[in-house]
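The structures come next, written out as structure tokens.
Two complexes are shown next, each including chain A; its partner changes from chain B in the first to chain C in the second.
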Partner chain A sequence: MDSQINRRNFFKGSALLAGSAGLLVGANGTAYASGEPIPIGQAAPLTDFAAADGVEFRNGLLLACEEINALGGVLGRPLEPYFEDTKQMGDATNVQAVQRLIDRYGVHAVINGYNLGSGSAVQDVIADAGIIYMHNDTSRGHGVLVESDPQRYFGSFQTDPSETWYGTGLLKFLKSVEDDRSFSRPNNKMAIILSAGTYASNIANTVRDGAADFGWEISLYETVNVPTSEWGPTLAKIRQDPPAVIVVTHYFPADLAQFMVQFMNNPTPSLVYMQYGPSVKSFRDIAGQAANGVLFSTVIGALQDEMGLEFERRYKERFGANAGHNSGMQSYNGAWIWAIAAALAGGSGEPGNDDQNRKVADRIRSLIFRGVGGATRFVPGIQEAYAYPGGVDDPSLGMPHQFLQIQDYTGEPDLIAPWPYGKAAFKLPPWMNG
Partner chain B sequence: MTARRRDLFLCLILAGFAALLPVVSGVRYTVTQTTFFFIWATVVVQWNLVFGIGGIFSLAQMALFAVGAYTAAMLGYYLGTSMFLAMPAGALLAVIFSVAVGLACLRLRGPYVALLTLCVAQVMYLMIVNDTDCFTNPPAGCMPLMGGVRGFSRFGDLGFRELLGPAFYIGHYYVGLAMLTLAMIASVVVIRSPMGLAFQALRDNPAYAAARGIDRFKYQLWIFGLSSFFTGLAGAFYAVNTGVVGPVVFSFSHLLFLLSMIIVGGVGTIWGPLVGALLLMFADEAMRELGDLRDIGMGLILVGCVVLMPRGVVGLLEDLARRRAAQPARNAPLPTKESA
Partner chain C sequence: MDVSLQILASGLTLGAMYAISTAGLALVFGAMKMLNMSHGAILALGGYLSYFALTGLGLPAPVGITFAVLVCAAVGVVIYHIVARPMLQSDNFETRIFIATIGVGVILESIILEAFGPQPKPQPVSVPGSLMWGGVYLPYQNLMILGVAVLIMAALGFALQKTRIGRAIRATAQNRDAAQLMGVRIGGVYALVLAISGGLAAVSGITISSLSSLLPNMGADPMLKAFIICVVAGLGSVPGSVIAALFIGVFEAVVQYIFGVRFSFALLLILVILVLIWRPHGVFGRVQGVRL
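Right, the complex of A and B next:
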């Protein structure tokens, strides 16, 4: 790999050194990355409809490898990343891609962003090979699986909280903006639009099941076929019975952008909440002005603090001004956690070397890692990141469930919650401002 | 030696050589990729019976494959059925399904058969991915009856993980090899039998075949039924081998990839589909690093084969062998008065 970063430049430019990088430097000592490379893999949607994210997952891992190698790799062994395309994803495709990484390259770890699927299939391939798996499938299925057999699934870690936090987090967020009087509901109706699939339906079901406790009634619960750019029938139902809040749990940026473009032709006085998709730049590019006012949240993304902004600068310097650092940070974060743990454990293990990788997994379990997206600490037993707030009340111990609003589509979205990370106040969307 | 015996003998020789691969190579990647070759080769060898020998342009093969895969996975997931039972059950259900499709196609010809069989596969796909109602509610979240978009995983295996530990994939390799060998033997037996001749007669001259008393109704159902058993079994084994099954098995690109194997190898030849599967899987693997160019490369190979070798690689080799056999006779000296 042609490293673009050397040790001195990295020390000079990085605000990370006090935290995560410092741990790695401590373990590496004065070692330079010159030994036998450690192959690590990533299975990502590099082509097809989720390629915008997949390319950033690859970039995130590349940047992490370059930075880690600049600090001596893992105990003097440089990291060498390999990639497999998961195209349209799905369990069968994801499993085969990861299997190829293991069989073909003998990777010691698989460090992914997200892949669509059950979120609990790849772990079996990882367990068979006895290696480490860091991913952001954001799936409750991961925790359920690991809990069912912690010995077998020792090496699988979900570096963000599960999708169910989206549902409970949204209801609490709506209550908070009502409490501080920045939003008052015109009625108690809530429309939920989801796509087929575990991820979107788990979020939608959590919102639906908890809505009554917050005084909401579900006026529309509609599953749409995706990918789609034709939202007419769904919007017609919304316009016929306008709700106070529209919750879209589907998450493809291009689809969501089309929703907003078509919604703005004749908007209803409803807050529009989406998740994940609007954090990707292509959403704002496609939706343009129609993106202004959209609320969204993500349980994994770069914060707008000193570390997050410094990461954004480095990322865009490396991959161009239009690069999506919020997606790239997923694999970037996972790579750093794994590399530090591997260095602390005395090195990583190839497929079949369960003993060494169990030591790496032990270190991962005991880490509290402050990365560019907040703190990653794993819930014992289920090996997914703690959520803040909700899972823990201390922001230094959990991954923040970030609520953002696009207030000016030409710039980055504004982080409005949770405390202490919020940088801007919630604003009523332009279509509700008279 | 008859042609039938020669082909069967060749099958066994090739299977014997293939059985040595895990011992000789020992590279896990080679072994696991060859297992996939066994699966896809089984499918195309059987598809060739319908498409190449029977001349019926059916695109239902991946649907049959899916029936086998889903049946095995669902039996294992919901009922805890052993995969040793679930796999043949998947194959048998694929036969029943295929005969039903064959009945529906009886009055159709050419592209209309293709359209109908493709529709069947697409309807199955849409029914699966659009089903969001929870049939069960496991802790991991809602599970539709057919698995929905997520599909099925952890429905059981053949026990090689317990038996062989990390080398379980070698067990799968030999199961795949046995399956392909049996599928090839079945294919040779059918093609080199009176039934195979009847299929070819119906393909080449339906009116003449009918005049000779060949019952199209009977033989069309036979060919649909015969070709689907190993296709369903391949689907069930695919599910066991990968440990998951999802709607991706219906993908159109996959269907075209398999169809390309038959075309490149040689439609209607005994060994063509096998050779096509081998060549295209090699080519696909060699172009894996090329990203989007990989699809273009595969397209160019297909176009090149269609233009330069309309009868496929095996068809071309057969033509060359025939020409060579005819050449000595043509070059032989004319009889002289003395020799006369």
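Right, the complex of A and C next:
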């Protein structure tokens, strides 16, 4: 692997040094990454519909490996990443991809972004090999599986909170903007639009199930096909019975952009909250001005603070101005957590070396890692990241559920919540006279 | 009334998009008994070539669209010479070409992925704005797609029925050997059919991406719908496939409104099963003889 970063440059330029990188440097001492390489793997959707994210997951891991190697790797052993394509990310494909990483390259850890599917299939391959698995499937299924047999699934970690936090987080966010009088609901109706699939369904179901507690009634619960570019029939229903809030948990950027373009032909006085898609630059490129005012949130993404912005700079410098650092940070974050834990544990273990990898897993469980997306700390028993402010009320102990709004489609979205990370105030969308 | 018009407009837009992507597929099957599984990838290529011509080369839209159509037509000719022609005389041509064109599609999609990257891109060929009619907003883009579909289908129908080359295509479709004995250059006809299909795929890719976005795999869904429409209409029937495309577009929109979007594809497949029980060769298909 071409290392583009040396130790001196990294020390000079990285705001990380004070935190996570410092831990690694402390463990590595004066070691330089000149020993036998440690193979690590990633199974990502490098082709097919999620390739835009898959390429960023690869980039995130590449950047992390370069930076970690510049600091001496893991106890003097450089990291050597290998990649397998998960295409449409069905469970069978994901499992086969991870199995190949283990069989062909003998990877000590698999460090992914997300793969769709059940979110609880790859863990068995990992458990059989006795290695470490860091992923961002953002799935409640992960925690349920790990909790069912913690000894077997000792090495599987979800480095972000599960998708259900989106639902509860949204309802609390809406209450907060009502409480501070920046939004006043014209009625109690909420329309939910989702796509088939565990992820979108779980979020939609959580919103639906919790809505009544916040005084909302669900006026439309519509499941759409993937992909969907013609929104006429769905918009006709919305326009017949305009809700105060439209919640779209379908996540394809292009489909969501078309929703906004067609919605803006004859908008209803409704807040529009979307899931994931608006975080991708192409959403703004395709929707153009129709993107202005859209709200969205993510439970994992780079913050707009000193560390996050510095990461964005390094990432775009390495992979180009249009590179998606918010996707890339997922595997970047996971790689750093694993590398620090492995260094603190005295090294990582190859497949079959459960004993050493259990030590690595112990260190991961005890870490509080402040990365570019906030704090990662794992919930005991289920080994997924704590959510802030839903799961913990201390921002230094949980990963922030970030709410963003596109206020000017020509620039980056504005981070509006939670405290203390928010950088801008919520604004009523332009179609609501904002 | 407003809602009915809105549903009709949505359905016709869907149907028009389906019609353009289906016509090329039906034409090739009608003439050659060749199910071109790379049609979806050629469709995506057309969309990307238009994007490249307009944003990369800075060409005006009509020139960029023409460029995309010509290149995709050339791809069709290349597929004939490199893939289809060597198999034409072989046993089980229909099965072999089916598999081979899946491979062509994978290659084309990979080329697009390498050349343009995986991020969705906006199609620059678009007509902004909308028309208010009968209480319904009709985007100019949708009207343009409908207009383009009508024009293309009319031109294709005219070419097949009234021109010398159209007669040659129909003669070849009826009986290849007899057409050859009458002096029709079969190879030229097949190459032309694939070129026309490639050009139609390009137009289809541009129109579809103008309502969604450019993605390397964007052809997969239209290809699936086109195949379903071909089966409903009767494989190889071009006019039948256009009628079926418009019907299915409106059917989908109505089902989406009345029952919910999630039921539209399932009910569409049930409709296909019923049609095939009722008419195994499709609504407009024939057991033997003339197609096109």
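What we mean here is this: the second predicted complex is superposed on the first by the 433 of 434 C-alpha atoms of A that agree within 3 Å, B and C clash if a C-alpha of one lies under 4 Å from a C-alpha of the other, contacts with A are read in each partner's own complex, and residues count from 1 in each chain.
Assume a residue touches a chain if its C-beta (ideal position, glycine included) is under 8 Å from a C-beta of that chain, and two chains touch if they have at least 3 such contacts.
Everything numeric here is computed off the predicted structure, so don't read it as measured data.
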Touching partner for A:Gln262 - first (chain B), second (chain C), both, neither: second
Touched partner set for A:Gln330, first chain B, second chain C, both or neither: neither
Partner chain in contact with A:Thr47 - chain B first, chain C second, else both or neither: both
First, second, both or neither for A:Asn322, with chain B first and chain C second: second
Touched partner set for A:Ala196, first chain B, second chain C, both or neither: both
Partner chain in contact with A:Ser282 - chain B first, chain C second, else both or neither: second
First (chain B), second (chain C), both or neither touched by A:Pro253: second
Which of chain B and chain C A:Asn225 touches, first, second, both or neither: both
Interface residues of chain A shared between complexes with chain B and chain C: 46-47, 196, 223, 225
Touch list for chain B against partner chain A, complex: 28-29, 32-33, 129-132, 138-142, 148-151, 153-154, 161, 166, 168, 242-249, 251, 291-292
Touching residues (chain side chain A, partner chain B) in the complex: 46-47, 85, 88, 90-93, 95-96, 99-100, 102-104, 116-121, 124-125, 128-130, 139-141, 144-145, 194, 196-198, 201-202, 205, 223, 225, 351-352
Residues of chain A touching chain C in the complex: 46-49, 51-52, 54-55, 196, 222-225, 227-230, 232-237, 240, 253-255, 257-258, 262, 265-266, 280-282, 285-286, 322, 324
Residue numbers on chain C that touch chain A, as the complex places them: 3, 6-7, 9-10, 13-14, 109-110, 113, 117-122, 130, 137, 139, 208, 211-213, 215-217, 221, 253, 256-257, 260-262, 264-265
